[in-house]
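Presented sequentially are two complexes of subunit A, the first with subunit B as partner and the second with subunit C.
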Partner chain A sequence: MTDADFKFPPIYNFPPFYTKQPNETTWQSQSQQWIGLVLDYCKQKRIWVLNSDGVPLSKNDSELDSDEEVDSLSLFANEKIQRSLKRETIGEIYAQMVTEGSAEYLSPVSTSLSRSLKKATPQDQSIIVYWRKPEDWATMLLEWVEKTGQLGGILTLYELQASESVKSQPFYKINSTVLVRALDVLVKMGRAQVLKEEGGKISGVKIV
Partner chain B sequence: MTTPKSDTEQYKTLGNAILERQSAELQAQLAVFQSALTNFARDHGEQIKNNAQFKQQFIKLCQSIGVDPLSLSNYTPSGVKFTKTSSHDRDEYYNNLAVKVIETCRATRDANGGIISVDELISRLEDATYTPTAKDIEKAVADIKLLDGSFSIFPVKNKLFIKSIPEELNSDQQVIFETCGLMGYVSPGMLRDNYGWGRVRCRDVLEAMVRKGLLWVDEPGPKQEVLYWEPSWINMG
Partner chain C sequence: MLLTQWQYVELNASGRPALFPEEVEISVSDEVGLYQGKAKVLNRQRGRVYLTTQRVIYIDKTDPKAYSVAVKLSDVESLELYPGFMRSSPKLTVYFRPPTDPVSLPPPVPELSWGCPICYFLNKWPADLKLPSDEEGAILPPCQTCGVRPSAKHILRLVREQQEVIAGTSLSTESTASANTCPQCTFINHPSLVKCELCDAPMQPKSSGGKQDGKQRAGPSINYRDVKIQTETDDGLLAKDARMHIKISFRNGGEKAFYERFQSEVERVKWDTLMELGKVNANAVKLQNNPSATPPPLVPMNLNMGISSLEQIGEMKRKKTGFVLSGALEDIDQLMLKAKELLVLSDEFAHTVAKSLMGSNQMNLLQNSSLLLGANITTGFSRKDLLSSQLYYEELTRQISDYLSFVLPFEGGIMSLVDLFALYNRTRGINLISAADLNKCCCELFAELNLPYKLKEYKSGTKVVMLKSDQEGKIASRIARFLKKSESEHFEELKERLVVSNNQLLTSELNNELEAMLSNKEEFMFKGMSTLDISKHFKWSYGVTDEETELALAQGVIVMDQQISGTYYFVNKFDASYDWETEETEFDMATWKFEDYTTQQVALIPPPVETPLAASTEESYAATPVPVVRTPNLSGALLQLEGLMFD
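Let's look at the complex of A and B:
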């Protein structure tokens, strides 16, 4: 990737970082460093989804959750040293992230997000990167709703994501799936009720 | 929302929110206090050093709020101030440094198999106020070695390494480290051309070192020779 404003760690330019290390202990260290890098990078760039090649799929663009590639370069490829991680190894890193709770496989959920995604095989999986946990987003949403005196009112997902009133909030332009996960947390706490359209798509939420 | 259960949950949420806010405030206060303490140490370094009781209290205070006394400039041995001070200060400095060396060797062992270059160690220990010298590190490692024989410092060409594992490098492995000193890596081809090693010897030596975590494998692509990198080059990129 070519990006001046993100400071890659030195290991990003170490050629063997792009080969899965056969020594199990070394690989543990290697994969942990990759996971840390993915989380830091996505957090700074507000990237929500990485495809199976490590290419960011949706960014904080005005069209929420567009499936278009915002950047055709993979985070796992380094042109400067001409190395890239094999797709299979990327898959292993993703699997580890999912196990650790720092990512989730992208699968059809009841939002607009799933609209053009083909049925994915395990080898060809995109992930949603949780550079912040759904629980943290849930707390932020709740605080904002409380502070703005909107408890008990009905809010659309769009209002929470993209209206003028949330422009200064950290969850402005939050990815729809991540938002739904955060609302799930609130529902479990008994602090939210979601309103669904026909077909199960969530259209709004009442936070109490 | 009048059932007892949801009330309980609401109290819980509220309680959590208050706790979080308090903890954030405390964090901020602690940070302020830490920086005040650092400034205090800088302004009153002489008094702290010359009054044993004062110093003891000061170090206790540092430890309890998470300021590293070692990082405060008055404990730097190569600084002018240090040379005037007692041997007690000097011992304390090296003891602290030894602890940091052990910590860093442990923290990086998964990535480097237990051998770290002194340069890398220094770059990991230095901060805005303080940089240990290679001499300091050597002295600290000599102290550690008395307690734990597996620690030692050794030169490869003109680069110093510290090992924190019991095994010694054999002569073939030393040759690999030496050759890695040039470009960061070796390949079987390089070993064959420069040292006349046979295929089996190359493979056995390199694979054994990978198994010990001392080398990282680099497969640049199809039809290209596999390279073996020495991990201290991670920080030279």
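Let's look at the complex of A and C:
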């Protein structure tokens, strides 16, 4: 699924792209361009989590993704022109993404699956990038379950994420947090029931 | 009745009269009205009057362009001052010399000349020799070089031809004014030549072109635009024995000083005219009529007895004191700004010494310094010269405006107030103005007098002077255009260098390859323009550039790249409408059609406004197509033209 050659837009080589513009309007369009770039980049590389420096974090998030090659380089730094975005500016872009609903801060409240978490200000926080909205994932899951005739059956999260049967599906190796968010959507729609372990950890899901 | 002495006045952009070369302002007075004969002249009842070395110029307050008139000093015969009585304001009567006055130059008599048929030498026809009436029997002078007498037939034919040509030129001055046709051989010479290029004959003095008339005072009139004068009532000039005269009515005072200067100028002009006509003996010296030149003797030579003698002694003493004070204050005048106390002191004494102070060395010094600078704009009025301070400020503002029209193009169109203060005072040399005066002039009066300049204050408090037409966005877009241009130039230059170093022809294939290479390598990247680069290009001072780039940033036309080595500026490419292929945005079309400052200035530099020439140049600038700076697809031929294309 991964395509190593992500084609950056020409603005990626434009030095002022790495300086927060003082003009509010210009900054708006600048941050929009960044958000678009982040979403495209993550979608193509199937990156789920970005840390506060813009380095993809999928590797240590879950062992499921361990076989995946992930850049260790920050998306917000351009070696070629030797420019990088400041950390505060990255934080602002993250904040905007969260407000827009295209990302979520990685925090202990947001998911029960995430492990190592830093207690930090939002600026220093990593984000989960929703390059597809949880609603979209939910629809996809539902379609797949319907198609494979598993309505009413109980499925573990692992089955949804990494079993042989979902290998051809777009949500193959989906990030656990994103999966939980998608299941939440289904629960709200009344199409799913979540089975929890004693510790509150989700063990399985029943889609109806 | 319309007096022929009224003349049209050209104004420059600052609402001041456009002076002839070598014409220098001497005095100015405001709130004056004009009379012709006994009657008031309609629409000329409120204005300023300038006295220059060549003219007296009335500039109307309500509509300067339409109602301003002038009278040449060479037309003036004498002056008379009416001090005013009760509600009648003081008036200065200006008598004109009768048209047939022997002092005026006779119209130039065209000289006849004939070319020798043998040696082609151009002989002058002796003025005292009559032209041969018929072909027989006339005694003709021989050619001056070869000594051969021409045939009478030949002479007559030539003479007739010349007469026709001369008659033709004098009748249709309009058509020949621009062509400068030679009266002898009809060769069309360059307008600036005074002698014919081919036959060496002197050219007819042209009737248009006010510039030449400055020197030839009694030359042909420059009255090429009608001056319409309407009087309130009958002016009484048609009566028998009436002397042609006009009156200048001083509603606000100041007539005395004006009269004295006017009088001395008229004297000078008369004297100069006499000199020109050669009616003055070679070593003649004009009698000096200056009371302050030598101190009057303290004690009259022949002392009489009685009260009258005592009075006389008192008078002498007073004169002596006046002389000493005026002499001392002339020097102090030059230190006026440094010694404020002395200014106060001198103001206290002003009413006693003012009269003897006026029209002395000071003015001459100023004239010299302004002539040295090659511009007439620096004639400084001192505060004392002008009675009302409002007039002083208005006049000062107009002068500064003139000065700006001269100096602003060298400063890139924006100049900080501090720089202006320093430069202007340096140009003035002496009799400096204070910073407060300048501030008052620029802040308040630019707008009030409707001058083409304005004061702009940045957020930081820095004040700059610039053209009124330079709107906020205009300068920002100029910066943006410069950035864009330098970016494309940067790539063109690199490409050219690579092509030359590889000794290859630039094909479109190679061009694409190069472009790909250039856009991918860090060392070829366009690194933006620093504040210094921008200030160099626009000739702005660093501070001004800083402020202007900040404004441009705030307007979003440019963006910046901040890093350790400094801040660099780029064209805004964040806009969604920006097309990275053609390097153009919608924003280009909308905002970048402002013309370049340099071209704008070219149209502005000749100061007279509303002349047909200036109007047409401005139009032509407006009509020039919008220069769209973009990366052209270069071919070999275009490459050589690069310098032309992008300049």
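In the analysis below, the second predicted complex is superposed on the first by the 189 of 208 C-alpha atoms of A that agree within 3 Å, B and C clash if a C-alpha of one lies under 4 Å from a C-alpha of the other, contacts with A are read in each partner's own complex, and residues count from 1 in each chain.
Going forward, a contact is a pair of C-beta atoms (placed from the backbone, for glycine too) under 8 Å apart; a residue touches a chain by one contact, two chains touch by 3 or more.
From a predicted model like this one, the values you see are computed outputs, not experimental measurements.
Engineer: Putting subunit B and subunit C on the same copy of subunit A, do they fit or clash?
Structural biologist: clash
Engineer: Who does A:25 touch here: subunit B (first), subunit C (second), both, or neither?
Structural biologist: both
Engineer: Output check: A:156 vs subunit B and subunit C. Expected answer is one of first, second, both, neither. What do you get?
Structural biologist: neither
Engineer: Please indicate which partner A:142 is in contact with in the superposed arrangement: first for subunit B, second for subunit C, both, or neither.
Structural biologist: In the superposition, A:142 contacts subunit B only.
Engineer: Counting only touches as set out at the top, which of subunit B and subunit C does A:10 meet: first, second, both, neither?
Structural biologist: both
Engineer: With the two complexes superposed on chain A, say which partner A:190 touches: subunit B (first), subunit C (second), both, or neither.
Structural biologist: Only subunit B; A:190 stays clear of subunit C.
Engineer: Please work out whether A:96 is in contact with subunit B alone, subunit C alone, both, or neither, and reply first, second, both or neither.
Structural biologist: neither
Engineer: Where on subunit A do the contacts with subunit B and the contacts with subunit C coincide?
Structural biologist: In the superposed arrangement, which is not itself an observed complex, subunit A uses residues 10-11, 13-19, 21-23, 25-26, 29-30, 33, 82-83 for both subunit B and subunit C.
Engineer: So in the complex, which bits of subunit A are touching subunit B?
Structural biologist: Touching subunit B from subunit A are residues 10-19, 21-23, 25-26, 28-30, 33, 82-83, 139, 142-143, 189-191, 208.
Engineer: Which bits of subunit C are touching subunit A when the two form their complex?
Structural biologist: 519-520, 522, 525, 527-528, 553-556, 559-563, 568, 570, 572-576, 580
Engineer: What part of subunit B is in contact with subunit A in the complex they form?
Structural biologist: 1, 5-6, 9-10, 13, 17, 20, 110-111, 113, 185, 210-213, 216-220, 227, 229, 233-237
Engineer: Applying the document's contact rule, which stretches of subunit A touch subunit C when the two form their complex?
Structural biologist: 9-11, 13-19, 21-23, 25-26, 29-30, 32-33, 80-83
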